[in-house]
Every structure is written in C-alpha cells, then in structure tokens.
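Two complexes are shown next, each including subunit A; its partner changes from subunit B in the first to subunit C in the second.
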Partner chain A sequence: MIEIINSRPWIEWLITIAKFAFCFVPVLYILLLIPMERRGAGFMQDRQGPNRSYIKIPFFGKIRLLGYVQNMCDGAKLFFKEQFTPSGVNKFLYNLAPAIPFAIVFLSPCVIPWFGPMVFEWGGSVVRVSGSILDSEIGVLLLFGFSSLSAYGAVLAGWASKSKYSFLGALRTSATTISYEVCLGLSLMGVLLLVGSFNLTDIVSWQEHHVWGIVAQPIAFVCFLIASIAETGRAPFDVAEGEPELVAGYHTEYGAMQFGLFYMGEYSHICINSFLISTLFLGGYAVPFVTTETIQAHMGGSLSILCGVLAFLVLAFLHLLYRYSRKLKKTNLTHKNVVLREYLLYKICGWVAVLVLIAGGLCAWFLFNPSVSFIGGETVYGIGTALGTALIHLLVLVVKSVAFCWVWIWVRWTLPRFRYDHIMHLGWKIILNIALVNLVVTAIVAKLVGGN
Partner chain B sequence: MARVVRHKDMNWLERLYIFEACRGLWTTLKHAARGLFRYEQLPTISYPEGQPEIWNSYRAKHRLMLRPDGTPRCVACGMCAAACPAKCIFIEATQSDDPRIEKRVMRFDIDHLTCVFCGLCAEACPVDALRMDTKVVSFEHRTREEFVASLYDLTSWDPKDYPDDALSQEAPGGTRNAEARKIWGMEVK
Partner chain C sequence: MLALIYFIILGVIALGSAICVFLSRHPLYGALSLVLSMVSLAGIYGLLGSPFVGVVQIMVYAGAIMMLLTFVIMVLNGARDSKTPMFDKVSLFVIPAVLALSGLVGFALVQAPIAFDASALRGSVALTSQTLFDTSSKGQGYFVLFEVLGLLLLSAMVAAVLLAKKRLGSINEGEDK
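Let's look at the complex of A and B:
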C-alpha cells in the first residue's frame, strides 16, 4: 500500500482525487435539478410549488431554504423506506437493475472537459493537466457508449419485474433510446466533421477559436436537442412511463430507494446530456467572445469581473427578497412574521456574500500578481493563474449546462406527451433524414471551402 | 339535435408543430418568470395562513339571529326542518314566556356532517331567524357529536363581525341594540 502511495508524487495523487471528485458532479446536479423541476413546474402551472417543510434553528425560526428542505425530506423518506420485493420476480436482476443507470452516472462524465487543459510551471518544469478525467481520443464515442448502457437498466428492470406494465415500459424505453441514439450520433457528425476530432477538448478549443457549434451547425443543434430529450425519456417523449397506459413504465414494481435510483439516474442523464450539448454546441467551458489566452493574460481583472458578476447576482436575489418582504408585510397572512424572520437570515447571508465578493474582486484586481515564465519559447503562468482559469471555465460550463437543464424541465411542463408511433415517426423519418442531409451538406461545403 | 362544431384546419405552419411548440414554451416561460419575479401575484393562496376571500352570499355555517333582548328570533315553526333536503335540522319547541310570542325553541340542532349547505332553510325561514352568512367554511372537530351545532353554538356570534348588517346590530352588543330594545320594550306595554 505504502509503495503504491510512494510511487507517485503527492501532486499526482491530489489530481487523481480531484478527478474522482469530478465524477460526483452529476450527483450534485441531481440535488439542483429536483428542486428546480418541482418549483419550476409549480410556477409554470401558477402554483407555488413545495415550500412547506422547514428546519427549526434558534433565532431565525423556521428555515425553509426557498423550498429546498422539502427535497431533503423526500430524499430521507425514500432512503429509509422499506425495500419491498414483489413475489415472483427474478431477485438478482430485480435488485441489479436500479444500480445500472446510477452507476453510469459516475462513468459518463469522465470525458467531459471541465476546464481547458491546465498548463503551469511547477518546480521548474511545465505541468500539464487535462481538463477531462480521461483525455481520450474517442471521447464522444465513449460517452455515447456509456449513456446507451442505461437502457440495460430499463430492460432488466422491466424483464425482472415479471409485470406486464413494466415489460411494455421497458420495451418502449429501449426502442426509444436505441432509435434516438442513431439520430443523436448522426446529428453530431456535422460538428465532428468540422472539428475533425472525437476529442471533446479539441471540439471546445475549435469552437473557442472559430465559432460556436450552434452557429456553425444550427440544424444539427436542433436535431441533437430533440434527440437527446427523447433519449433521456422525458416528456414529451416519455411514453415509456405514460401513466394512462402503463402504470409507471419499467419502474412500476419498484419502491423506496430502488425507485429513487431510477429517478436520480434520469436526472443525471439529463445533466450529462446538457453537459454534452453545451460542450458540443455552446463552446463548453469557453467564455463567450474571450479566448483563454486573454483571460490568462489578465487574470486579476478576470477574477474581479467574475466576483462582480456573482455580486450582481446576489444583489438581484436580495432585491427580489426585499421586494417580496415589502409585499408580504402588507398582506394579512398569519405567518408573515415567521417568514420575515426567516428572510432576515437570507438577507444577512446575502449581504455578507456581497461584501466578501466585492472585497475578493478588489483584492483580485489590485493584489493578484501572476508569475509568468517563458519555458521553451512558450508563455507559462504559475499555478494561481491556472487554477483561476480552471475556476472561470468550470463556472461558465456550469451556467451553460444549467441553462440546458432548464430547457429539459421547461419542455417537460409545456408539451403534451406524443403518441408512441409519432415518436418513432419523428425519430426515424424526420430527424434522422434531416441529420443525414445536414451531414452531407456540411461535408460538401467543408470540402469546397477547403477545411480539413 | 346534435350540434356539429367544425374546427378550422391547421395550416402547414401549425402542422409543422415546432413553431406552435415554441409558442407554448413562450407561454410557460412567462408564467415561470411571474412565479420567480412576482411571487405575490400567483393566484394560489398559501392556505391555512392566508384565507380565501368569502363573499357575503356564500352559504357557510348557520347562525340564529337574536332579538334585542337576546332570545333567538326563531319561532319554532319547523319550516326550515321541513325544507331541508338532507333532514339535518332538529327542532323541539316549547311554550314561550313572552305573551306576544307563541313558541320558542328548546332545542335547535344542525348536523353539519349531514348538511349539504343548499341554503333552503335560510330561504324558508319566515322570520329571518336562520342565516348562513358566518363565513365559517372549515369544520374541524374530534367527534361526530361535535359537528352537531346546538342552539348555543348557533346563537353565540358577535355583532361586531357583521358591521354592515342592520338586523345583526339589533342583537345585544350591537350598535343599534339600545334603540331596538326601546322599541321592543314599548310593544310590551
């Protein structure tokens, strides 16, 4: 054990641990997406959404965290519920099936570049750390391979449950997933043709130096978006769990945390697909209109702008809070004093955050002195600049992907469910053809213009 | 006669679905933005803390109107019980102490578990003794017996809760009680 640890310098171990940590990003996204979905759905339907559960703390009273506590309660309830196994199921496969979609959550993000390749000077030598966990030449293919595996979870769950509804749901899920995988892959090909690489880091850096994928390939973007919504099996393509026909689809016979795993698997699938879509079509970690070189050359300024943007967002939140508090005082709700006391905590936290961010921004502007060295005719910055760039890149990617996650939620609560044959018609006869034509046209244009 | 409603055929733009879907998305986006930025304008009431507005003609829990001296106006004619489709009003009459009045109620029970809140009893009352304007809409009790409102429940209301109603103000505690009591007493002599 000690030999294994000693075999590498500690910085490499640190990087390895950090890479493991990035596997958990989709899981963190689940924590974000579930409240976003529930309250967003509420607002779209003119409801308030779940906002009743609270944690009681000494001075500020009932803290509801804007409805977030409800999700913690639901999670705890799912976790401690009895795992019920119906009689007659195939025990092994029944218990294995929910683990598959959730295991893929940890595998899939391995090729997504979270930030640009970090190049920094460390101890007199140049260190290069790739932005993705696995800097593979077949990046996108690997990702598609992993996300196709989640169909196994559905198929095994449907088959092992020995229930008609589960079985039909599983059939539909596998059919939809496999059909739309084809569309997904083909609509992607246009971008890959332009970039000339499967490597996601290359795709992002191409977009950073040319144009974003959404500008170069708008039709491919629309096809890809529709196909990936369909592939995750969400509304309006969720015939697999169409409750009027099949009770709940392939997870009809599951309860407690086994159901929770399917549920979380679905959300993390959304997360990974939106990471993919923002990487392929929206420039991934690239900051709009600014290249990484510019950011690195003006690191202090970039960090202070980042702090300024964050401070503005916190101030906007505070504005909403103050505005609503004022309105609340005028109403005759009996619990308004409790709510106002709760908001006092948020206001204090918000103002502290604003002060910290402004102080941080000022410090970054005046005090940040990046060390620059020229090694082998190449400008290499110190580790501070590299970490700052990585932070900015990561935040940009998070913003883009959260926006796409919102698209998923938005579409789900707007459009009615399609009929099953309509879905197949759309997949095989429309999107596939559009993607093919797009690919051919892109190939011809790329050849004529004389790209790679 | 069957009525045939002919819908206009969709034009090709609408049949493409994607543009109509975008319109739908725009609508939901507006609603979501309202929820986020104008939270207090949501039509939903956070119920137990905020109560819905109940207008005066709403048929809520019953009450028995009072004479200026505090006795129920009810003359125990039994018309409300006769009109009640749910048969939830139970009246027992007894001789009145007042020589001007023939009968008074000894027992006046309304079973709110059986009541359908149709309002026919209030309509049937010849002396405007029974009303359904208390605006009490939620009934929470622990036993079935407690849901039966007795004479005491029905007559213990506060004139201050009905400031615009002239007849309610004539009851004891109301603004017009002294005046009404004078008239009521004069009739005795």
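Let's look at the complex of A and C:
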C-alpha cells in the first residue's frame, strides 16, 4: 500500500483527489439553471419572472438577488414538506426510484475533461495529471452507459406507483429513451471516426489542433442536439410528463423531496448533456483560436486578459443597473426607494469586484514570472502556470456549457409539445437515417482524404 | 490486493443477484436483479483489464436490452400476477441442467491454471479493434463474420416486422384510410 502512495509526489495525489470535487458540478448547476429557466421563461413570455421573495438585511433592506432568493424558498419548501407514500404502491421500488437518476448524476461527470492535461515541473521531475477524473480510453461510452441506466428511475417510478398516469408516463419514457439513445450514439460516430478515439481529452485536443466538431460535423451536431434534448425528456419532447394528458407523468404520485430528486435529476442531466455537447462539438476547454501552448507561453498576459474580460462583464452589469436606476428615479412607483437601496448594494459589490479584477489583472501582467525548465528535451512550466491554464480552461468550458443550457431553456419555451407518434417518427425515420447517411459520408470522405 | 477485494465484492453482488433472478416471484424483480448482475459483471470486466467490454455490457445489455425487457414486462399482463409458482414441471429439467452446467464450469475453472492479473490489458479498445477488424491478408478475418452478423440481425429485424404486420396484403388499404 505504502509503495503505491510513495510512487507519486504528494502534489499529484492532492490534485487527483481534488478533482473529485467536479462530481458536484451538475448539482451546483441546478442552482444556476433553475433561476435561469424562470427568468428565461419570463423573458420569453414578456413578463418579469419570480422577483418577490427577499432576504432582509440591516442597511440595504430587502435583498432579492435578481430573483435568486425564490430558488432558496423552493428548496426549503421541498425539503420540509411531508414525505407521503400513497397506499397500494410497491414501497421498495417507490422509494428506490427517485434515487437512481440522482445517483447517476454524481457518476457522470467523471469522464468529462475539465481542463487540459496538466504538465508541470515538481521537485526536478515532470508531473502529469489528466483533466478528467477518470482518464480512460472508453471515455464517452461510459457516459452513454450511465445515461442509459438513469432512465430506470423514471420507469420504476411509474411502475411502482400503481397509477395509470404514472404507468403510461413510464412506458413513454422507456420507449423514448431507447429510441433516442440509438440516434445519440450514431450521430456521435462521425466525430469519433474523425478523431479515432473514445477518450474525450483526445477529442478536445484534436479539435484544438484541427477544427471544432461543429464545423467538421454540422449535421451530426444538429442530430446530436435534438437527440440529447429528447433524451433529457424536456419540452418539446416531454410526453412522459405531459400535463394535459398524464397529470405529471411518472412522478404523479411523488411529493416533497422525492419529487425534488426527479426535478434535480432532470436539470443535472441537462448540465451533463450541455457539457458533453460543448466538449464534443464546441472544442471543450479549448480557447478559440489560441492553442494551449500559446497560453502557457504568455501566462501572465492570459491571466490579465481573463481578469479584463471578467471586469468588462461586471462593468456591463453595472451599466444596466445604473440605467435602470435612472429610469426608476423618474417614475412615481411607491417602492422605488426600497429598490434603489437594494441596487446600492449591488453597485458597491460590482465596483469592488471591478477594482479587485483590475488589480489582479495588473498584478498578473507585471508580477507573474512563470518558471521554465527543460527536462529531457521538453519545455516544462511551473505549477503556477499549470494551475492558471487549468483555471482558464475550466472557465471557457463553463461559458460554453452555460450557453448550451440556454439552448435547452430557449427550445422549451419556444416550441409546443410534440405528439407521441410524431416523436417516434422524428426519431426513427428522420434523425436515425440522417445520422446513418452522415456516418457513411464521413467514413468515405475520411478514407479519401486520408484521415484515420 | 485492492483489485482482489473489489473482485470479491463485485463477484458476491453478481452471484447474489443472479440467484435472485431465480428466486424472485415477480418478473420485474427478476429483470432488475439481472440488471444488477450485469452491472457488477461489467465491473469485473473492467477489473480484468477490458474496460471496453465492460462498458458495452452496461450500454447494450443493462441499458438497452434490459430496458426493452422491462418495457415488455410492464406492457404485458404478466406484470400484474405475482402468484407465479416458483417451481413447476419445467423446473424438473431446468434445475438439474443448471446444476450440472455449473458443476462442469466450476470443475473446468478449478482445473485450469488461472492467475488473477489485473494489470494485463485484455479487451481494450485498440486490442478489440485490431482483433476484429484486421483487414490484412494474414489477419484472422473476423471482420467478415462481423458483417455477416450485422446482416443476420437485419434479417431478423425484417422478419420481426413482417410477423408483426398482421395482414401482408393490406398495406395499401391501411394507407388509404
């Protein structure tokens, strides 16, 4: 045992263990996605969205955090509600079912590369740490395996509830999941053919040095996007829980936190799928038009540009706040002083953030001296550069995935729900065939051009 | 050492759930035990240095085929009767056959010189693809079998569709309506 521990430097063990924190990313994304969904729905339906719940603090009064407090209220409500079990249900499966999709949420992030492989000099030797928790050659297949297992939650919930609505919802879920997993896998094959590897780190580095997957495989991208929206079971593919027909589908008989687990499982599934799409088709952690080598060679400059971009975003937010405050001052609204007092807090926080970011950027520009050493004919940077690169990569990946999360919300509130037979028709007769033709054409072109 | 501990845990789960498949009265519980057994088998494949085979086991068997099976169990009326007797006349033949087979396999395993080496790669992606799709003239030619198998599955699917269509002559009639 002790030989295994001693075989690697402690810093490698530390980073390897710290990477397990990425398992919680989908759960953290729920906190981001639910307010985003609500405000997005409000934006699309030309209304405000939830903005009434608040926290009262001493000087600034009612703080609403742009509607974010509503999220905490909902969470508290779900947690403290009574957990009821309808009579006649199959107790064991009824209680097991909500846990399955939520447990798989914690397993799925293990193969996604969160940053490029870290290579740095430590104690005279080169340390290499991969960007994903599990750097395996099967990579993306494992993710598909897990996501195919997560449908058991809905199926068992529907069956164990012993209710007709739940049962119909479960049948629809299992049929939709099986159908669209085929499309999902087939549309992905084009990219895998070009890259020649299942490993997501390899796929990202191929995209970094050639072109993004969305340019190389635009048709596969569209098929994959549609199939993964269908696989998450969200509108317009949410026949499994269509309110007008089935009350709430497979989770009709669930309440309180058991319902909450399904709800959170759905949002985490969106998160995982948007991470997957941005990794497969949008270059993953790769910064557009800049290779990792360039970033590492100009680490101080890259960090200060990052700080500059963040400061610009905060300034844009402050601009919105000031513009809205000016408009609010001219109106006769009775609560305008309360709102202005609340905005004062945001403005103070915003300006502090801008100052800190600008100071950080200047420090990075002038004071950051990356140590370079040559070990075995290879240029290796110090740990500071490696951590900085990982930070930039992680932020780039988060930005891409949040953009895709927005696509999910956008689609949900734009398109009406499809009829069940239309979904099957779309899956088996249209997307599957397009994906097949795309795969064959890709294979022929790749053979002619002389790829893998 | 660590691999051996994992192997024992997974083996116990796989065997236990496989026994549960026999003993469960309800078909759905049987199917779920089978899923558990398959997932733990996939873990054992991973331990034996064949992660590709393991993940295909999860994707194809536990994910797709067993999902289809639960679907069928739920659709058919069998889901409602949990009064199926555990033993009937067929068991007279099945149980001795299973016992004989497990005895034979166990005897063969005990006789065979098997060393548990978790570090050897047996079913990695590269190895599998080399074995299957070695198109050189010296290769074993498994790719021909692979393609033939694909054709076989296709013909089975076509036959199933034909069987499912009740009246072969009435395709045009149906479209008119």
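Here is the rule we use: the second predicted complex is superposed on the first by the 438 of 452 C-alpha atoms of A that agree within 3 Å, B and C clash if a C-alpha of one lies under 4 Å from a C-alpha of the other, contacts with A are read in each partner's own complex, and residues count from 1 in each chain.
Throughout what follows, a contact is a pair of C-beta atoms (placed from the backbone, for glycine too) under 8 Å apart; a residue touches a chain by one contact, two chains touch by 3 or more.
Note that the structure is a prediction, hence the values are computed from the model and not measured.
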item	value
Overlay on subunit A: subunit C relative to subunit B, clash or fit	fit
Touched partner set for A:F144, first subunit B, second subunit C, both or neither	second
First, second, both or neither for A:W159, with subunit B first and subunit C second	second
Contacts of A:E181 with subunit B and subunit C, given as first, second, both or neither	second
Vertex subunit A, arms to subunit B and subunit C (CA centres, degrees, nearest 10)	120
First, second, both or neither for A:S136, with subunit B first and subunit C second	second
Which of subunit B and subunit C A:L333 touches, first, second, both or neither	first
Touching partner for A:F198 - first (subunit B), second (subunit C), both, neither	second
Partner chain in contact with A:L171 - subunit B first, subunit C second, else both or neither	second
Contacts of A:Q45 with subunit B and subunit C, given as first, second, both or neither	first
Lowest inter-chain C-alpha distance for subunit C and subunit B in the superposed arrangement, angstrom	20
Touching both subunit B and subunit C, residues of subunit A	none
Complex contact set, residues of subunit A against subunit C	1, 136-138, 141-142, 144-146, 148-149, 151-152, 155-156, 159, 167, 170-171, 174-175, 177-178, 181, 197-198
Complex contact set, residues of subunit B against subunit A	21, 24-25, 27-29, 31-32, 34-37, 39-40, 42-44, 46, 48-50
Complex contact set, residues of subunit A against subunit B	39-40, 42-49, 51, 320, 324, 327-328, 331-336, 410-411, 413-415
Touch list for subunit C against partner subunit A, complex	1, 28, 32, 35, 39, 42, 51-52, 55-56, 58-59, 62-64, 67-68, 70-71, 74-75, 79, 124-126
